[in-house]
């Protein structure tokens, strides 16, 4: 067995830029004062998007993972960064959502009377940029402790976003979110400590080769996964999410729901697939799938019962996250077919990306609605589609993806998962996927129905909303639909850089 | 038996117990400030486990493995920042929920 | 020594339990501070003097000011969470005990001989020009963590600032009590010169002996807090450019040197071998100031006075 | 010579530790805050002084010895301030009552 070591690849420095550029912008804002926040943020969007696209291009052209050994100190003493196909997809998706949300927020801030530099606006820019850094660091991180710092960066960026409006309810939600997130990251850190104590390294690539069946590793993985589940808000640890995501301003909700909770999910995926020995991975996969299925069913029903639009979307987030966890048993690989070669793996990755785009679009559309009518009570929104046709269209297109109706990214994802469940002879999961789709249809149509209704008293907008604002939501929704046009088979891009890693799966 | 008394094991077990105590406090204590303190005890327990790991890594010429020790230093600073943010949220919450009586009177205690 | 360790562990556990069950909020916090100081002793026994200094300075010191101030501000109107039911408490107790047991089991079954990076760190130490391996790990081998962690601290600070009411955004926090007791004012005048010397000393020896940026920064932060609490110098407006420059200066210098590594060394965060030690010391000096300012402002909290226009 | 110094260290440190013990007992046993304060501050100052004095011969360098003296001075300063502040708080509570 030749030990895999990290070696800096051409283009590896892009990973450093992806992680560090937004942080540079945060420091620049801090040093130069709140007034320049928006300008610095917009410039960083362009640069960050370019870096993400460059990474994806480099991955496609070389067909191999990108690596960077920071400071040329080889792990385990030093830290390495690495991006494979899945990381690359996450980086591009993150950049797209962040830029769209950032443009939305910029237009929205322009509607407000006071000049820039205010408390909520400045905090939003700083936190959005920091969040971007943190997400990129999670997606390219290769060192368990480095990932811990990235997770904490993510928490500290996300919590102030929740209570930007400064009302008592949102501060309560932020505090609860902070405590959940802290317990989560501390449990994760504890697991990392145990792994170091057992193997003397924190490097994921090294652990993929060293890991074997032993009690310390089992305890460590259990702690880390539970901690990450609390951060990912999987049922029954989801209680903090709806008030936090529904109380934030729309652009903040969009990034929180679309991106922030994906980071812990991504890490669970890496831990279960790369580090856990096969038997442990199988057991963990079964348990995660049960929780995922419960999440889909319970929170879809909860979404159906919400009176407020943003709370409904927030519950839908928990339900949609559930799909990502039923991937684990479905993607269980075999000797000749590694997990990332299965259709369930592709389905899960597509679900991750399409949900991010669709959910961001939905929250932005809900933001436009709240901006226009001053409230988001679903019952009082009859006929809003006539006033805000673009937003209603964005909501509907995003809804297609959540329901899993063609043509949409969500359809391809759920279709692949369903096929995998049927092939594997797993009727319960197949039924859950179908039921989740029906329930999602119910809650999305509840809103669409209102949009198309002809109320006796026509609804009027409290204030005019510029079309540009609505277009950001529509663009994301269209992107979510376009993902539906990738072919229905294991997607090659997602397998880039995975082939070296199947050592843990060899019997 | 003597193996348990090695600092590298004994303080690891102490850390394990502190994790349990801290976790219990964070989840069940009715006072939110005490939950934050509980978080700190949980953190202290985790850091002690790291410390035990570091102490076990002693070898000829080294008292301990410096890597986990450095991680703990980073962790302590992050934990303090978390406490500060949580305390600020808690204070803000108290100000918002106790109706708008004049300026909040926190000036009485200097410490 | 084993007897001493056992007594220390027993005391630590007793204090931790006391913190949890104590009904009076302030007693619990003071017990926690005693716990923090004893923890420092535990770190000495674990052959980690660097961590011991950090733990005592942050865990026992600055956290203490933070929590006691919070207790005073919340007294009588502390926000209560919904109390857990008896069965709920029992379930959580069982869960916590299970986690502790699993953890203890894992600690006992660690593989022997223990894996260690100490030899690797010692081997790489000369390339950094430093003598303290912990500082080398923090500022060379794993400098990316330290860099991101600095940003975490600043982010927490901006998060705290963002909790000010809109009208006070950019204003100054308030630390001064209504009436400053004479002894406190005296201490505020006498101690800071010594404290600053101690802080600079800790930073300086940190390259080769226990100490370093965090410990030194915390001592400096404590001195600044003392001056502000004694009413000798008011806290600055959070928009003051000098404050912002000090806060951002450390990480910015760190980043600048990190990027120069692309041109003059083996890449991001690599130091040219000949210049490694002076560069690291320069970064540490700037970081010490940043850490001091950030920790002090974190304790000071959000703005309570409108900014001077 | 070194044996003599070692003996001095042992004696001084032991007496210092005993004083600390007495102070702690006073803290636990005395009825009210002011007398407790009295017990603990006396014992602390003297106890710490004796322990540091005992350690002085063991310090390898002049600088090390100076550090020990500095520790004693700083501890004196902070202990004095803390007792003053505590005593004031007690006084204020009494007059308020």
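When the chains are written out, they are named A, B, C and D in that same order, and each has its own residue count from 1.
Keep in mind that, in the parts below, a residue touches a chain if its C-beta (ideal position, glycine included) is under 8 Å from a C-beta of that chain, and two chains touch if they have at least 3 such contacts.
Bear in mind that the values here come from a model prediction, so they are computed numbers and not experimental data.
Peer 1: Count the smallest number of chain-to-chain hops linking chain B with chain D, moving only between touching chains.
Peer 2: The distance in steps between these two chains is 2.
Peer 1: Taking each chain's centre as its mean C-alpha position, how far apart are chain B and chain C in Å?
Peer 2: 11
Peer 1: Distance from the CA centroid of chain C to that of chain D, rounded to the nearest Å?
Peer 2: The computed centroid separation for chain C versus chain D comes out at 27 Å.
Peer 1: How big is the gap, in whole Å, between where the Cα atoms of chain A centre and where those of chain C centre?
Peer 2: The computed centroid separation for chain A versus chain C comes out at 31 Å.
Peer 1: Residue numbers in chain D touching 2 or more other chains?
Peer 2: Answer for chain D, listing residues that touch two or more other chains: there are none.
Peer 1: Where in chain B do residues touch at least two different other chains?
Peer 2: Only 19, 23, 27, 32, 35-36, 49, 52-53, 56-57, 67, 71, 74, 78, 81-82, 85, 89-90, 92-93, 97 qualify.
Peer 1: Multi-chain contacts only, two chains or more: what residues does chain A have there?
Peer 2: Residue numbers touching two or more other chains: 77, 145, 149, 152, 156, 159, 163, 166, 171, 190, 194, 196-197, 200.
Peer 1: Could you run through all the chain pairs that touch each other?
Peer 2: Pairs satisfying the touch definition: A-B, A-C, B-C, C-D.
Peer 1: Okay, in this complex, where on chain C does chain A touch?
Peer 2: Touching chain A from chain C are residues 99, 102-103, 105-107, 109-111, 114-117, 120-121, 124, 137, 140-145, 148-149, 151-152, 154-156, 158-159, 161-166, 169-170, 239, 241, 244-245, 247-249, 251-252, 255, 258, 261-262, 265-271.
Peer 1: Chain A touches which residues of chain B in the complex?
Peer 2: Residues 19, 23, 26-27, 32, 35-36, 39, 42-43, 46, 49-50, 52-53, 56-57, 67-68, 71, 74-75, 78, 81-82, 85-86, 89-90, 92-93, 96-97 of chain B touch chain A in their complex.
Peer 1: Quick one: which bits of chain B touch chain C in the complex? Just the residue numbers, please.
Peer 2: Against chain C, the touching part of chain B is residues 4-5, 7-25, 27-38, 40-41, 44, 47-49, 51-59, 61-67, 69-74, 76-78, 80-85, 87-94, 97-98, 103-104, 106-111.
Peer 1: Enumerate the contact residues on chain C facing chain B in the complex.
Peer 2: 2, 5-6, 9, 12-13, 16-17, 19-20, 25, 28-29, 32, 35-36, 39, 42-43, 45-48, 50-51, 54-55, 58-59, 62-63, 65-74, 77-84, 88-89, 92-93, 95-97, 99-101, 103-104, 107-108, 110, 114-119, 121-122, 133-134, 136-138, 141-142, 145-146, 149, 152-153, 156-157, 159-160, 163, 174, 176-178, 180-181, 184, 212, 214, 229, 291, 295, 298-299, 301-302, 304
Peer 1: Taking the complex as given, what residues does chain A use to touch chain B?
Peer 2: Of all residues in chain A, those touching chain B are 77, 145, 149, 152, 155-156, 159, 163, 166-168, 171-172, 174-175, 178-179, 182-183, 186, 189-190, 193-194, 196-197, 200.
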